[in-house]
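Here the structure comes first, spelled out in structure tokens, and everything after it is commentary.
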Amino acid sequence: MIRFLKYTWFQVGSFGLLLALVPLVVTNRYYLNVMIFIGIHTLLVVGLNLLMGYAGQISLGHAAFFGLGAYTSGVLTATYKLSPWPAMVIAVVLTVAVALLVGVPALKLTGYYLAMATLGFGIIVYICFKELVWLTGGPSGLVGIPKLSIGTVVLDEPRTYYYLVWAITLGAIVLSLNIVDSRVGRALRAIHDSEPAARASGIYTARLKIWVFVVSAIYASVAGSLYAHFITFISPSSFDFMFSIKLVTMVVVGGMASIWGAVFGAATLTVLPEVLAVFHDFDIVIFGLILMVVMIFMPQGLTRGALDLWEKYRLQRDVAGGSLSGG
Amino acid sequence: MDLSSQILQYVISGITNGAIYAVIALGFTIIYNSTEVINFAQGEFVMLGGMAVIALDGNGHLPLGFSFLLAVLAVTLVGIALERFTIRPAKSSNPIALIIITVGASIFLRGLAMMFWGKDSLGLRAFTGSSPIHFGGATLIPQSLWVLGVTVVVMAALQFFYKHTITGKAMRACAFNRRAAGLVGIGVNRMVMVSFALSAAIGAAAGIVIVPITLCGYDVGIMLGLKGFCAAVLGGLGSSPGSILGGFLLGVLEALGAGLISSGFKDAIAFFVLLLVLFLRPSGLLGSKEVKRF
Amino acid sequence: MMVEEMNAPLLKADNLSKSFGGIHAVRQVSFEVPTGQIKGIIGPNGAGKTTLFNLITGFYAADAGAIYFNGRTLDGLVPHQVAERGVARTFQNVELFDRMTVLENVMVGRHPKSRAGFISAAFRLSHARREENNIINKATEILNFIGLSERAASPSTSLPFGLQRVLEIGRALATDPLLLLLDEPASGLNAGETRELGRLICRIRDSGITVVLVEHDMSLTMEVCDQILVMDYGRTLAEGSPRDIQQDPEVIAAYLGDEPLA
Amino acid sequence: MNKGKVGRIQILTMLLLAITLAWSGCAQKEEPKAPYKIGGIFAITGRASFLGEPERNSMELLAEQINAQGGVNGHPIELVIYDTEGDATKAVLNVNKLIEKDNVLAIVGPSLSGTTLAVVPIVEKAQVPLISCAASVKITTPVKKWVFKTPQTDVMAVAKIYEYMQGQGIKKIAILSVGNAFGASGREQLLQQAPDYGYEIVADEKFGPKDTDMTPQLTKIRSLNPGAIICWGTNPGPAVVAKNMRQLGIEIPLYQSHGVASKKFIQLAGEAADGVILPTGKILVAGALPDTDPQKPTLLKYIADYEAKYNIAVSGFGGYAWDGLEILAQALEKAGADRAKIREEIEKITGHVGVSGIFRFSPQDHNGLNKEEAFVMVKIVNGDWQVVQ
């Protein structure tokens, strides 16, 4: 166990170091921008993975929390001239309130019913972004969102924003790794594997599901605020049903119940469209294919599937080497 | 124009749309009962039906009835392929995996339709004339009658199929208890395939009859599918009469909401009703099956 | 009977009834389980044994009647609260946490005996770390007790079926229960595994935990139980020591199907 | 079998990453100076592809023609075109890519108001001239130093309709707009300008971009007895509105926006299109323009060239990108490869006869169009356009 913990910190450390070095090598803003979006998406996906991959509760409306974060930050700073950091905190508080309001009744549902409830919630929030023109600017979007600043330093260079986004995302990754490898994390996985057994083992599953829903909503809200202050313009179409589906895809490709997989999933699905741009119209077809193929053949996701194979290989090797007693 | 004829007009619009929702909801129900899968690609069957009939009617200059049948047949094959190549090989029976697979399938089909027929919406001539029929201060177009007629025929045919054919009875047995059905020698796999075929066929039929009213484009399937699912849940997932009731109810509610409350929030009203039903009575209006607790 | 002189019973069911639709799964069942005993509940399929377990553990709410545990009613409690009171259970169709290791499965069982929440877990606060160590120690201890310590790091699904049942018992033990409910622990086991299981159940009883056992396998029940309750069609058919039960004409009739029961 | 699959996908991903990294390596190198690099960024796929596709086509067509004639001052024009899919995030990424990776001199696009507003801060900061192909008046009002646009604004379209309606004795109007940026922006203008002309808005209804039934909204509108309905949207919604009006037997005039100014609308609405009145750029009625119209030769040439090359009917939208590149080419001729000078030269262009109108830029006006020259009112009669006055 102790060895395992050290191993995790080694992973986090080396990943952090790698991230810190990137801007020294990559000076091109375009690549830094891509990296920033990967960071924001990673934050979203790590949160959603806690809910979907670990606790096994699907959300087809997660774009709504991303949007709530973005719009609360955006409206408070652009329209009401609040400074961004407090706005971000208010966004989180508001998101938690909404997540509780929806989560308490919704998480009593399971499977398809839960999927549909979160989907309906997502669409309602999207329509509100579109229709509350006086507040959100409606479909034309909201302009004039200020950049973030720390003290007197305005983070308007991709490089500085890159560091900010990844510092927050890395923090979120560490927190998630800690949660996952704890009493709470085990309880979440227990809910996923067998809810009756989890309840019989003394886990208050109903409350835990709501908490993890709220936690993942907080991650999404912070990601939304970071997004809004980065591109300084938001419009409802960034928070529609398709974006929710995209997030689910990132989780799926990266692998359910794998924090590092979430990073991989977010990175792949952020970079892939850029690379696939040459295919133009084909990319939607390819996107659909990825979803189907991964889920049909590797329901645990790409990274997980690969890990499983590695395990199998190692086991075979060990058996061949005779290090396992026949058991 | 007085309020009562206004409301009559909303109800007429609502019933026409509701009929389509009802048929889509029935499609969900057929598949759900035999497999416990919610097929998120259901709306794409409707879209494919519409696009196929436009292509056949517009390019082939075939008689309309023939295009109709051919389009239904083509989409039925798509339904069978969907089952054969995505649902059956899926290793997992976990709802999350199945939801994502069918969502992926729907995106895939949408993409193919876009590559095939382009991104523009297309229209089709009305089956029989387009001069509106007036009554009670409201108006109705002949195509709406076609929509209602086809809906009724689909429902009746389905009823007959379930009650009076061997395959239909076997499917009901599967819906009741898959394992027991398998034990008494019913080919459960075949029943699943039949249910996909059926559901694709009636989805396509719905798509075909509405095209003259609503036009059709590669991306109309998402919303229709979601609304159909709302209808199915509203009526009670797994219940055929529930689906029909849910469909009409949703259509009328939506039209009244758009007319009397706010057209901008029209879709929000539909989904708000869905949330209320899910939160207060997840088994729906006519649902018999208890919502699974574990 | 040897336990007559003990104090109040640990578990007491009073006139319990539960029906689903028109089917009366449990009708007016009353029984007591004295502390330190192994109580067997037997009966044919559909006799209402599992429903009884679900009523005790809060998975179902009873239509009528009451359950008292350790002197307090369990009425209105939901499963995790029942578990916190000290009632642990296993399931008829082994419900393990498939994606966890053997050790982790048992660690989950420590849930009601530990406190760390999201915040203290996320920031690895010192009390959470201490608690985690305690959980590991306790879980390891239990693995030793049930004889699975060598497989601690294997995925739970890699265990043979018989050991999966044992692991499920281990997880239940981790909650430090006063009462352990075992739902057909021997089903699917071969004779050797069943004997092994019988010895484990006796060791559990000897460690001071009261056991209730729902079982099909008569040999196991007769061998380990102090008391047996026989159910049929949701009713109590007979109650007594294994010897009494074996000689009860009604029980023999129900099991051999000599004459139809009303 | 499973094993093989994972392996391949993993390798594929690695390859993709490797390619991406290799690109980043390339980007560090200096590009050869000879060609003038111009960026294009359009909604080529996705919901607004009806804008982006002809825009890309037109831009490629013009670049080809310019290069065939020896380029600008001997420098060939090299286009780098990216797709936004109508998505703000993609637009931001791609504009950065154009500026940082491709090092373009100026950018034409994006196609949509939303995506344009999303990239404005970037070009302003990077000081790169941008000629947007989107409609919203917000893009150039207030004036942004580096941002221009070629399409007519919805301000002009609304004014044109309102002016025309004054001759028709209409007082009460119902608005029916689509729930996207185009509809919202048009709706805003309709509401804002109505008092100036003395109109009363009796209904302000909306429909979704994918809605297939507008009879509830129209029923409500009918009950309010307006003198005309103005529908603001892009296909297919407005076609459904026209059809639904027929179905309900509503016989008041229907006005549409320039958003449906293409044959597609007539095809979709069928008979119901007859009698619809809308403002449009002159391109739709180029053949019917008087020979004295200064735009006529430009329009006819553009239409002929476009249809010859792509073998599809020209739409009213490709011209935005055509004008954009033509304006850029003019500025480039005087300024050379210098972003700041290009911007200055664009601002000095006055009297350029383009597809969408005659452009007279100034430091106060980065659109340069006026409604008289940019729009004509047309009525659909027997499935064809007819200029009305």
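Just so it is clear, A, B, C and D label the chains in written order, and each chain counts residues from 1 on its own.
We take it that a residue touches a chain if its C-beta (ideal position, glycine included) is under 8 Å from a C-beta of that chain, and two chains touch if they have at least 3 such contacts.
Given the structure is predicted, the values throughout are model-derived calculations rather than measurements.
Chains that touch both chain B and chain D are the following: A. Chain A has its Cα centroid nearest to the centroid of all protein Cα atoms in the structure. Of all chains, the one whose CA centroid is most distant from that of chain A is C. The pair with more inter-chain C-beta contacts, choosing from A-C and A-B, is A-B. Our note on geometry: chain B versus chain C, Cα centroid distance of 47 Å, whole angstroms. In this assembly, the C-alpha centroid of chain A lies 40 Å from the C-alpha centroid of chain C. Separating the CA-averaged centres of chain A and chain B is a span of 33 Å.
For this pair, chain A with chain D, the centres built from the Cα atoms lie 35 Å apart. Counting only residues that touch two or more partner chains, chain D has 45, 179, 206.
The residues of chain A that reach two or more other chains are 130-131, 196, 281, 284, 297, listed in rising order. Counting partner chains per residue, chain B has residues 222, 264, 267 touching two or more of them.
If you draw each protein chain as a dot and join the dots that touch, the picture is not a line, a loop, a star, or fully joined; it has some other shape. Chains that are in contact with each other form these pairs: A-B, A-C, A-D, B-D. Of all residues in chain A, only 52, 56, 58, 60, 105-106, 108-113, 115-117, 119-121, 123-124, 127-128, 130-131, 195-196, 241, 245, 248-249, 252, 256, 281-282, 284-292, 295-297, 299 touch chain B in the complex they form.
Across the complex, chain A meets chain C through its residues 1, 175-176, 178-179, 182-187, 189-190, 192-194, 196-205, 211, 215, 257, 327. The residues of chain B lying in touch with chain D in their complex are 1-3, 6, 9-10, 12-14, 16-17, 119-123, 125, 130, 132, 134, 139, 141, 210, 213-215, 217, 219-220, 222-223, 254-256, 258-260, 263-264, 266-267.
Within the complex formed with chain D, the residues of chain A that make contact are 26-31, 33-34, 37, 130-131, 133, 138-141, 143, 156, 158, 227, 231-235, 237-238, 268, 271-275, 277, 280-281, 283-284, 297-298, 302, 305-306, 309.
On the side of chain D, the complex with chain B involves touching residues 45, 47, 49-50, 179, 205-208, 210-213, 215-217, 219-220, 222-223, 225, 235-236, 239-240, 243, 246-249, 264, 267-271.
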